[in-house]
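Next come two complexes built around subunit A: one with subunit B, the other with subunit C.
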Partner chain A sequence: MGSALKKWKLPMIMLGPFVALIFLFFFLPVVLIVILAFTNMDSAMRWEFAGLANFQKMLEDPNLFKIMKNTALYVGFTLLINVCFGFVLGILTTYYIQKEPVSLVFRTIWMLPRMSPPVVYVLLWLWFFDPSEYGVLNSLRALFHMEPVAWLHEHPMTAIILANGIIGASFGMIIFSSAIKSIPKDLFYAASVDGASQWSIIKDIIIPAVRWPLMFVTIWQFLSLITSYEYIFLLTNGGPLFESEVLALYSFHKAFQNFEFGYGSAISLVLVIIALIFSFMMWKWFGMQKMMRSSKIE
Partner chain B sequence: MKKMRKRIAILLSALLMAMGVLSGCGKSDSSSESEGNGKIVTIKAQTIGAEVTRVENLKKAAEKLNQELKEQGKDIQVKVETSSFDGSTDEYAKQFMLAFRSKKAPDIYTTGHENIGWLADGNYILPLDELKQSKAYTDVFPPLWEAATYKGHIWGALQDTEARPVFYNKDVLRKLGWSEEEINSLPEKVKNGEFTLEDMTKVAEEAVKKGLVPYGIIHRPVEGPDFHVMVYNFGGTLYDPKENKIVLDKTAVKKQLDYYDEIAQKKLIPKNLTQMEWSNIHKTVVNGKALFYYGGIWNVFNWGQDNFHEKLGKVDEKWVNEHLGMMLIPAAEKGGKPITLSHPFVYTVSAQTKHPELVKRLLELVADPALQAKHDVETFHLPVTKNVLDDPTFKANQTLNSVAYMTNYTTFLPNHNGFPQYSKAIFNAIQAVELGKKTPEQALQDLETQLKNDLGDQLKIVE
Partner chain C sequence: MKIELKNLCKSFNKKTNAIDRMNLTVEDGEFVALLGPSGCGKSTTMLMIAGIYKPDSGEIRFDGQLVNDWEPKDRNIGMVFQSYALYPHMTVLENIAFPLKQQKVPKKERMERAKQAAEMVRLGHVLDRKPDELSGGQQQRVALARAIVKKPKVLLLDEPMSNLDARLKIEMREELSRLHKELGITTILVTHDQEEAMMLADRIAVMKDGKIIQYGTPMDLYHRPSDFFVAQFIGTPPMNVFRGKLIGNHLHFLNQSAELNNEQWNTAQGELDVYVGIRPHEVKLGKGGDIRAKGIVQMIEPVGHAQIIRVNIGDEQLRLFAEPTAAIEYESEITVSFHLSSLHLFDVRTGKSLRKEIMKESQTEEMVG
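Our next item is the complex of A and B:
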């Protein structure tokens, strides 16, 4: 007994606070969402069991199809920018710019939006898309004597995809940069001696080496995008009408604007299920089993 | 920028609220303490917005109450602590729910009357039926009690009311060739049903065509009470008190949507009106860029608070009366009755208050005509009791006196707890029609589906 306690004492001290935090802030909210999704809790905040009523309501919700479509578009395109652009930045700052101080400056610039608070970042985009003639995009149009455009109202989805895509790319850039840097230099030298083209180096050396980070970035960013809404909320608030409303924001609006806590939770529960299914699919698709084997490079 | 600030506040309050739901409990504040020669009872009162006289008047009422308590030989002194919430009405409601759950709700929660439905249903507030019989409220304008009634009980002490007139730009009408006599008699013509909604649209069209103003008509940019008055104007209803259900009056709502479609199609309103900032609405009106504005009498107060006028900055009541006139919303049909909508504010009493009797006495004293008149004149609102009309301070105010008659033409929103959802759905339909994304027919069809989904058996559809 005493030896077992001695053995587990340190791990318990080290892990205890984090396990408690995970339970409190990750596990408990999911349990709460599941329970709330089966109640009709409204502004009176009473826990009244409502069976599957919220899910039936969801099936009949006239806005849900549009919102699902928006969510797919938003997550799909933003993820594409996050991963592809992050990858391009990673190659650019490690393979093409070999001088570390230069690439460091470059990476730092791309990290700036991530370091600034979301409100400040969104303020810059609001200024960029401002509907008056003083907005950045409209000032450029004015040079060609073109009328100002209300960008956020006419192209809300493009705006939210761009804003989220660009800030998200820096995350992929950091992960991919470190993965590319860990590729032994000999492989690049050997490829140069053999007269391999640039494309061949990227295709046959870099991409296979970053497969694992690629999967990590894709899954991580997917999960972040499907559940986050703060940039959309600050930029367009899902409008005009439901043009840029996504599922996570809809859940927020239903719960905290219409005070339909039960229905809002049911929508969140659907989000949790979608996220789980997608994570499982990605796990399979990227061939997790193969990746767990030891690296061929080393 | 204001929208941004609001959204940040929404995010933060939602976070706090989620924490409140999680915790569900908290220590309650002690609201009485002993000091020197008597027990001090602290009563907390909260309001929203810049009209702080709503709660400051309670402090004045407390002075009177303390005097009375002293005369009665009671060893109690009342102290009123006031606060004003800076944010949207949604956030204001949320923070009250949160405060209530953590047992820190203010004793007096000042709010728009339409909130008493959900406040009463959620057992957040106490019924105040005895106030109707109280001497202080004997000469309330009779229709106003309707606004404080829900399920047969009174749930709020009436605080103030207002008029929601249509402001018209006198300078533009002058340029259109109207004589001073014609301009000044317009409110009377509207009152008599001679000048209809259709006439208003025609004049707006003429002014825009002649290039006198960029916009013929402008209305509020966000969801709110003003839009629903059109349902009443087109002969419809919003609520069935017998069945306690929200009514979707399809014929009246179709006419309502047709109206907003017409003014948008004729390009009388700004292209993206429903996405404009409030400050830009005020600037448009004050700088003479719109002929008609569906506003509120308290806007006169707003225009004196901020620099909306490009050259003059803040404009006073005198300036407003020289350049703008106020009329009822014209009747939909010739000879019909014009209309307006009032949105009385009420003092509600938290179900958690430890001093209900003292709070009720305070609410009787705050109805004092002099206190009401002070609030009304300072913030451009109308009184709830008739005796204020004789108060010298109120009598001296030209603007308020010129719109006091509008109380006779007023209507109210229903107090049903599902009304906020109805209101949001209607606003979405109007927005879709104005942006040209849907025809009125499509918008009505989608609205019906939406409301059936949102309200379920709380909805009654009238063809």
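Our next item is the complex of A and C:
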């Protein structure tokens, strides 16, 4: 007993603070959500357990189907833009632009919105979609003598997908371009000697080499898209009505606008479960165990 | 296919030329080695022949046709890279079939031909493996099979054997030699290993600083190096070199002097610093030759069929081969000798050989006839 204590003393001292932090900030929120989901806590902040009442309410919520659909559309299309566009940018700045300074400038430009505060970035989109004739899109329309359109009212989903898709692409771009850069030059030479077309080089050399980064970016972006809502909040605030409301934003609205903390937590719990299921599916689908097992550099 | 390079130039920065006005002709079916130390531009030359690099100026002609602007895929070449550059996620068979797939050969014929190529390099038993499950030698052979599968007109080998161990190297050399004879493809080998070049090539182009120093048959380079660089680069162990002075037709070196034949050697106007070279196997123990010297034995390296002896003659060093049975002791004084006719002389300033060109040609005829 004494020797075991001696053996574990130092690791405990060294790891203790971090384990505590992880528990406090990573694990506890999930536990809290799970517990809160079964209460009907409101602005009075009283813990009153209500069993499955919140889930019952969710099933009867007239907006929920619309919101689920929005979430699926939003996450699906934004993810598609994030990953595909990120991949295209990655290839563009590594394979097609071989001059490093040029591609660096190019990549930096795409990184700029990431560096600027979301409010400023969204302000630009608001200007872009402005319903008056001074908005960018509308002033373009004015050139062809067309009436201004209230873009954010008529196409709110398109607006939030575009805004999120374009800012998110830079993440994939960085990951993919470093993966593509690590492909040995000789492989490209060999492929061009073997007569490979541009398409074949992308399909047979680049994509197999970026398979793991591709999976990583897909999962990572999925998880951050499904739980984040700040750009939607700033751009349309889920409106008009519930036209661009997604689950994460709905949970926020319920909890912090209507002070239905219990109901908001129940929605969040659904989100956590969806995220877990999706991660597990991707794990299986991409054969991620294989990556974890082999540390071979291909 | 006949390959001609005319006044080829290529530079990667504006100051120096990686390849400087290079001229080279490779006859149809010939096996030519580009030999030189690293950084001499031999790989650059090969990548230009492959079409991966574009020359800045000059001409590359295949069978007389200008191909400067042709894409690699249109040149009908096969290439083996130093790193092998196998496609990591494809099996051996898929790797070999890849060039055929690009040519849109029907699947059945493609597999058939890929298997044939694999048989040719004795890989029939590992067709379903991935490259990372193969040994270095096997990977090398996959790369070779992939290069020959589309029956190219030119085979380019970029340091193909530098990652193999000594035994495998010998095996692969034989394999390459056999393949070249069987297929008769015009082949260009880039290497820094002079032994490899000597054994495989019909002709060798020795390169230095982006220029060809000498281009000739292996025997030519060995017996009649036109430049001090070639003399030093070719032959193991390397040629023995002494500093000497040429005054008129009198050669002074190793504290003695000898008179040179005017017909055989360019003689000096006044005094000229020269390098005097002698191949280790031309030096004999004892007093048999025209030039004799006494030296102290510094090192004895037995290599089986002979022993390599290193002796110090004054400040100069000399290596020679001795019979394996000869009893030689460290630190003992021995007498070595060699013939004046087996010497090589080079101008120290220009590095050029002082042997007369006419002599070289007549000797060549002598050898051929």
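Definition applied: the second predicted complex is superposed on the first by the 267 of 298 C-alpha atoms of A that agree within 3 Å, B and C clash if a C-alpha of one lies under 4 Å from a C-alpha of the other, contacts with A are read in each partner's own complex, and residues count from 1 in each chain.
In this section, a contact is a pair of C-beta atoms (placed from the backbone, for glycine too) under 8 Å apart; a residue touches a chain by one contact, two chains touch by 3 or more.
Keep in mind that what you see is a predicted model, and the values were worked out from it rather than measured.
Asker: Putting subunit B and subunit C onto subunit A via the overlay, clash or fit?
Answerer: Aligned through their shared chain, the two binders fit side by side on subunit A.
Asker: In the superposed arrangement, which partner chain does A:D194 touch: subunit B (first), subunit C (second), both, or neither?
Answerer: In the superposed model, A:D194 contacts subunit C only, not subunit B.
Asker: When the two structures are overlaid on chain A, which partner does A:L73 contact: first (subunit B), second (subunit C), both, or neither?
Answerer: neither
Asker: Is A:V34 contacted by the first partner subunit B, the second partner subunit C, both or neither?
Answerer: The answer is neither, since A:V34 touches no partner chain.
Asker: Quick check for you: in the superposed arrangement, does A:N237 touch first (subunit B), second (subunit C), both or neither?
Answerer: After superposition on chain A, A:N237 lies in contact with subunit B alone.
Asker: Looking at the overlay, does A:V272 come into contact with subunit B only (first), subunit C only (second), both, or neither?
Answerer: neither
Asker: Comparing subunit B against subunit C, which has contacts with more of the residues in subunit A?
Answerer: B
Asker: Which angle, to the nearest 10 degrees, do you get at the Cα centre of subunit A between the Cα centres of subunit B and subunit C?
Answerer: After fitting both complexes on chain A, the angle is 160 degrees.
Asker: Taking the superposition as given, does A:K57 touch the first partner, subunit B, the second, subunit C, both, or neither?
Answerer: The first partner, subunit B, only.
Asker: Could you state the shortest Cα distance, in Å, between subunit B and subunit C after the structures are superposed?
Answerer: Minimum C-alpha separation, subunit B to subunit C, in the superposed model is 48 Å.
Asker: Would you mind writing out the residues of subunit C in touch with subunit A in their complex?
Answerer: Those residues of subunit C that touch subunit A are 47, 50-52, 71-73, 77-79, 81-83, 85, 87-90, 98-99, 102-103, 132, 146, 150, 156.
Asker: Where on subunit B does subunit A make contact in their complex?
Answerer: Its residues touching subunit A are 3-4, 7-8, 10-11, 13-14, 17, 21-22, 90, 93-94, 97, 101, 118, 121-123, 271-272, 274-275, 417, 420-421, 424, 428, 431-432, 435, 437, 446, 449-450, 452-454, 456.
Asker: So in the complex, the part of subunit A that touches subunit C is made up of which residues?
Answerer: Against subunit C, subunit A makes touches at 184, 186-187, 189-197, 200, 204-205, 208-209, 296, 298.
Asker: Contact residues on subunit A for subunit B in the complex?
Answerer: Against subunit B, subunit A makes touches at 28, 32, 42-46, 57, 60-63, 119, 122-123, 126, 131, 150, 153, 230, 233-234, 237, 239-241, 252, 255-259, 261.
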